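Let me begin by presenting the structure, written as structure tokens, before commenting on it.
In this document, chain identifiers A, B and C correspond to the written order of the chains, with residue numbering beginning at 1 in each.
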Amino acid sequence: MNQTQVPSGLNRLQMLALIVGGVGFVLLMIGWFLSPAQFFPAYLVGYILWMQVALGCLAILMIYNMTGGGWGYVTQRILRAGMLTLPLLAVLFLPILLGLPTLYEWARPAAVAHDELLQHKSLYLNIPFFIARTVLYFVVWIGLALLLNRWLLHLDQSFDLAAGRRLRGLSGLGLGAFGLTVTFASIDWMMSIEPHWFSTIYGFMFATGAVAAAFALAIIVLNWLMKRTSLVEVVSTLNVNDLGNFLLAGVMLWAYMTLSQYLIIWSGNLAEETPWIYRRTTGGWEVVGLLLTIFHFFAPFLVLLSRTVKRRINWLVNVAGLVLLMRLVDLYWLIIPAFHESFYLDWLMIVAPIAIGGIWLAAFIWQLKKKSLLPLYDAGVEEKLLDYGRTQTSTHS
Amino acid sequence: MQSSEMLGKTPEVQLPAPVIGPGYTYGSVTDKISSLVLSRRTPLAWFVAFALASLGTAMLFGTIAYLLYGGIGIWGNNVPVGWGFDIVNFVWWVGIGHAGTLISAILLLFRQQWRTSINRFAEAMTLFAIANAGLYPLLHTGRPWFDYWLMPYPNTFGLWPNFRSPLVWDVFAISTYATVSFLFWYTGLIPDLATLRDRAKNPLLRILYGIFALGWRNSAAHWNRYHAAYLMLAALSTPLVVSVHSVVSLDFAAGIVPGWHATMFPPYFVAGAIFSGFAMVLTLSIPLRKAYGLEDFITMRHINNMAKIMLVTGLIVFYGYMMELFMGWYSGSQYEEYLILNRMTGPYAPLYWALILCNGLIPQLLWFRGVRNNLLVLFIISLIVNVGMWLERFVIIVTSLHRDFLPSAWGMYYPTIFDWTMFIGTIGFFLTLLLLFIRVLPVISIFEMRELVPESENA
Amino acid sequence: MNNPTLYGLLAEFTTPEALIEATHKAHDMGYRKMDAYTPYPIEEVGHALGARGTRLPYIVLAGGLVGAIGGYLMQYYASVIDYPLNIGGRPLHSWPSFIPATFEMTVLLAAFAAVLGMLGLNGLPQPYHPVFGVPGFEAATRDRFFLQIEARDPKFDLEETRKFLESFQPEKVSEIERYKYPG
């Protein structure tokens, strides 16, 4: 059966990623030593970008297990490798734990002592509970990833429809758990940087960003592999078209969520909410916002309307690259204005996503290399059997 | 690996039901669906249902007549609660309308073949639900004969609608949705009207179907553009359907009333709309397939899939309730906190808990395959969800308004008899239109069903 | 010389495969004024007829752009130029507020462009067409597949073309006449 082999170029890429990541981390350590106040926000932005990619892979894989579809069959192994980087990301979270008081106002006892609202929230926003919750999120995500991985590989070895059904059940429950944990993770890690502010759509926004980032990554990796392996013979135009449509849906949903939040807060014009959007639309930050409107929405949206682009992966990959870059800019725009009233960018903010990305990519390739690039099991197999069964019965009758 | 080996290894595993029963050919699919309209005797049940529905319609128009005479004071709306049954029912009906376009558009784009036998029916349901929804705000203006003022047009008063108001966005969203849904539905109908024109024995019917078929002749060149147009309509309808309930939610969220002003409202309302829409499709299609013997076209696969979509959207709605609770506390705003307390323990608390039961807890039964395959249980759950979604709108609108910021401005809302006659009347009107539709137009898309007929059947 | 009232020839097939094969061969033979009639859309038939992509997407794009730009400008004109009114202290040009109606106008005009464009390019409504006069043509909306070769095709010759169509063993080959009404 189909054993699409892993190309040797992957080893070189992995080495390169590891070197870039290693050098990056050395630079980050220097940055941390020089100025923790600069280091932590930059690290958080870079970290969450890759966290979103990994979480998106987990979510998409679970969705694919429930819906099936050729697009998922050809990207399954990419998504699998993506979600299996979660243990690494758990380790990479440790620096953030060391910087809690730098990042979060609620973690500074002096600030809480003078703020009634923070005292009210300290039931939820306190360091031990924060750590406990973060541990819980990682237990849920890593547990899901490992279990999914195990069952998917089991299906590779023995064709077992009952196991396929179990996998679907796990994915359904897993998506529910994913929705809850991701929501609270986004509140804890990002929203609580400005602890007075709240927005109920935040979890949806975070999850949408994660899924869009993961689709972008999947397209980029698929393109890289198609250039170098026999995968190019398996992936159909329709698969690429579907992935393009998902990327389109991702940018549209991102715009929808971001606009909904903006419009509602802007219309309400309440003192407890508007500071958040005010900060992000003044002092030079409005330029970043405008950049996002154009390059996170209008440009990819208009290009992806064209079927010609969606059906050619070497064109589509450019859009995917843009979307992944804009995911970084979006996170930067969501997080950094909390620390700087006017536009601010330093070298650590450039280094952090690259350094973490390098290490992440090395781990990703390590996982990708372990298995063939195509699985034996396809979540759409039941439908195929059904069609097969239908032709069988009709020819016999 | 050969498929036969796969089948041989696991004989005990039950395969999902097909999207069309076995043994159909292009001809028999065509004849069966068109016979429902053209030749089959109308079942007695249809007449009974039509008579009952017409009573409801009469009640609706009677209430409207009295409303035009007496003004909206005949409703229970009062000063703290300026939006009562009218807006509750408006949102409820708009929500029900969402499944139609969702099935037609999104499932088409995802190439989900199982949509084919339910899309036509669900689209018709959408149109009739919007018609009912539209009645409420139009009548609520108090002087419905001036409703054309809502439209932007150069006029001698020198006035324009206020585009900074969500209520004007609503006018645009609902009228666009109604128009585009109609276009989508009618475009889908054109080839089937041609089929009916060619099958009808009665010359008058042939002329009527012929007029509306616009001279469609199944030309390959026409199909080419038709297919392109249909896909583009689907691509346009998908964001549209999301925008409509989002704009409806902004009617609330753009204000600052606690319980209304939440950034989550747009996606949360959309999920609720799909939830209620699929519940209504199930409520209607389970009896319909039985009465008309459509079990081979609306198979258990359809029913099962719709149940799954209900489960997913129901979970999102439930997530919304949980987020409201959490953020109510997390916000630290005394008004938000009081709102939560008032919902759970105030005068309308029984409705809140009924809502949690109907929308949050009971739909969890849909996790079980046994439940999804049991038509009676599923039918009951779909009715419960319909009730639950109505309660959700009541809770959001009335409990938020009746006690907002100043205790001196608090009040209670009680619907009057006319609120009820109008509400029940709209249900009757909805069913009347639906029954007429079933009687005169094909409830299942004939040409798309022909596409599903397996090749071997026609050999 | 062909009969002036002759519109063309119509061959009737029972399977899509037979139709596709005949269409391919006819196209290879050089026939261009052709059309096929099928009970449901079949992409291959379009390809066999040599159909190229349709202009429809551009019409829809134009409709959408007119809706978007026109919708926004209408709101701008109404709220800023013609009827400036202070509402809740919001700026006259409140762009966030203008987005929902702009979006709806975009979709509305694009949808109209799609449907009217499709009907217009197809030449519909067209109450009468010669092919309706062929007895048995109503099966095109049931289970039969037809290939039509028009008399105005330069390669058309009544005898030759009929023989050519009959070589595919159709159910039957009928002549399509102009000015003949059904019934």
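Everything that follows uses one rule, which is that contacts are C-beta pairs under 8 Å (C-beta built on N, C-alpha and C of every residue); 3 or more make two chains touch, one makes a residue touch a chain.
Just so we're clear, the structure is a prediction, and the values are computed from it rather than from any experiment.
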item: Innermost chain, where centres are averages of C-alpha coordinates; value: B
item: By count of C-beta pairs in contact, the leading pair of chains; value: B-C
item: Cα-centroid distance, chain A relative to chain C, in whole angstrom; value: 43
item: Distance from chain C to chain B - Cα centre to Cα centre, in angstrom; value: 31
item: Contacts with two or more other chains, residues of chain C listed in rising order; value: 88, 97
item: Junction residues of chain A - those touching two or more other chains; value: 263, 267, 269
item: Residues of chain B engaged with two or more neighbouring chains; value: 166, 239, 250
item: Chain A partner contacts - residues on chain B that touch it in the complex; value: 1, 3, 6-7, 9-10, 13, 15-16, 18, 22-23, 109-110, 166, 239, 242, 246, 250, 253-256, 261-268, 315-316, 319, 323-324, 327, 330-333, 367, 454, 456-457
item: Complex interface listing, chain A residues touching chain B; value: 1, 67, 69, 117, 120-121, 124, 159-162, 165, 172, 176, 179-180, 183, 187, 196, 198-204, 245, 252, 256-257, 260-261, 263-265, 267-270, 272, 376, 381-391, 393-395, 397
item: Chain C to chain B touching residues, read off their complex; value: 14-15, 35-43, 45-46, 49, 51, 54, 56-57, 60, 74-75, 78-79, 82-83, 85, 87-88, 90, 94, 97-98, 100-101, 103-105, 107-108, 110-112, 114-115, 117-119, 121-122, 124-129, 131-132, 138, 140-143
item: Contact set on chain A toward chain C in their complex; value: 259, 262-263, 266-267, 269, 305
item: In the complex, chain B residues that touch chain C; value: 25-27, 30-31, 152, 158-166, 168-169, 172-173, 176, 179-180, 183-184, 186-187, 191, 194-195, 197-199, 210-211, 214-229, 232-233, 236-237, 239-240, 243, 247, 250, 447-448, 450-451, 458-459
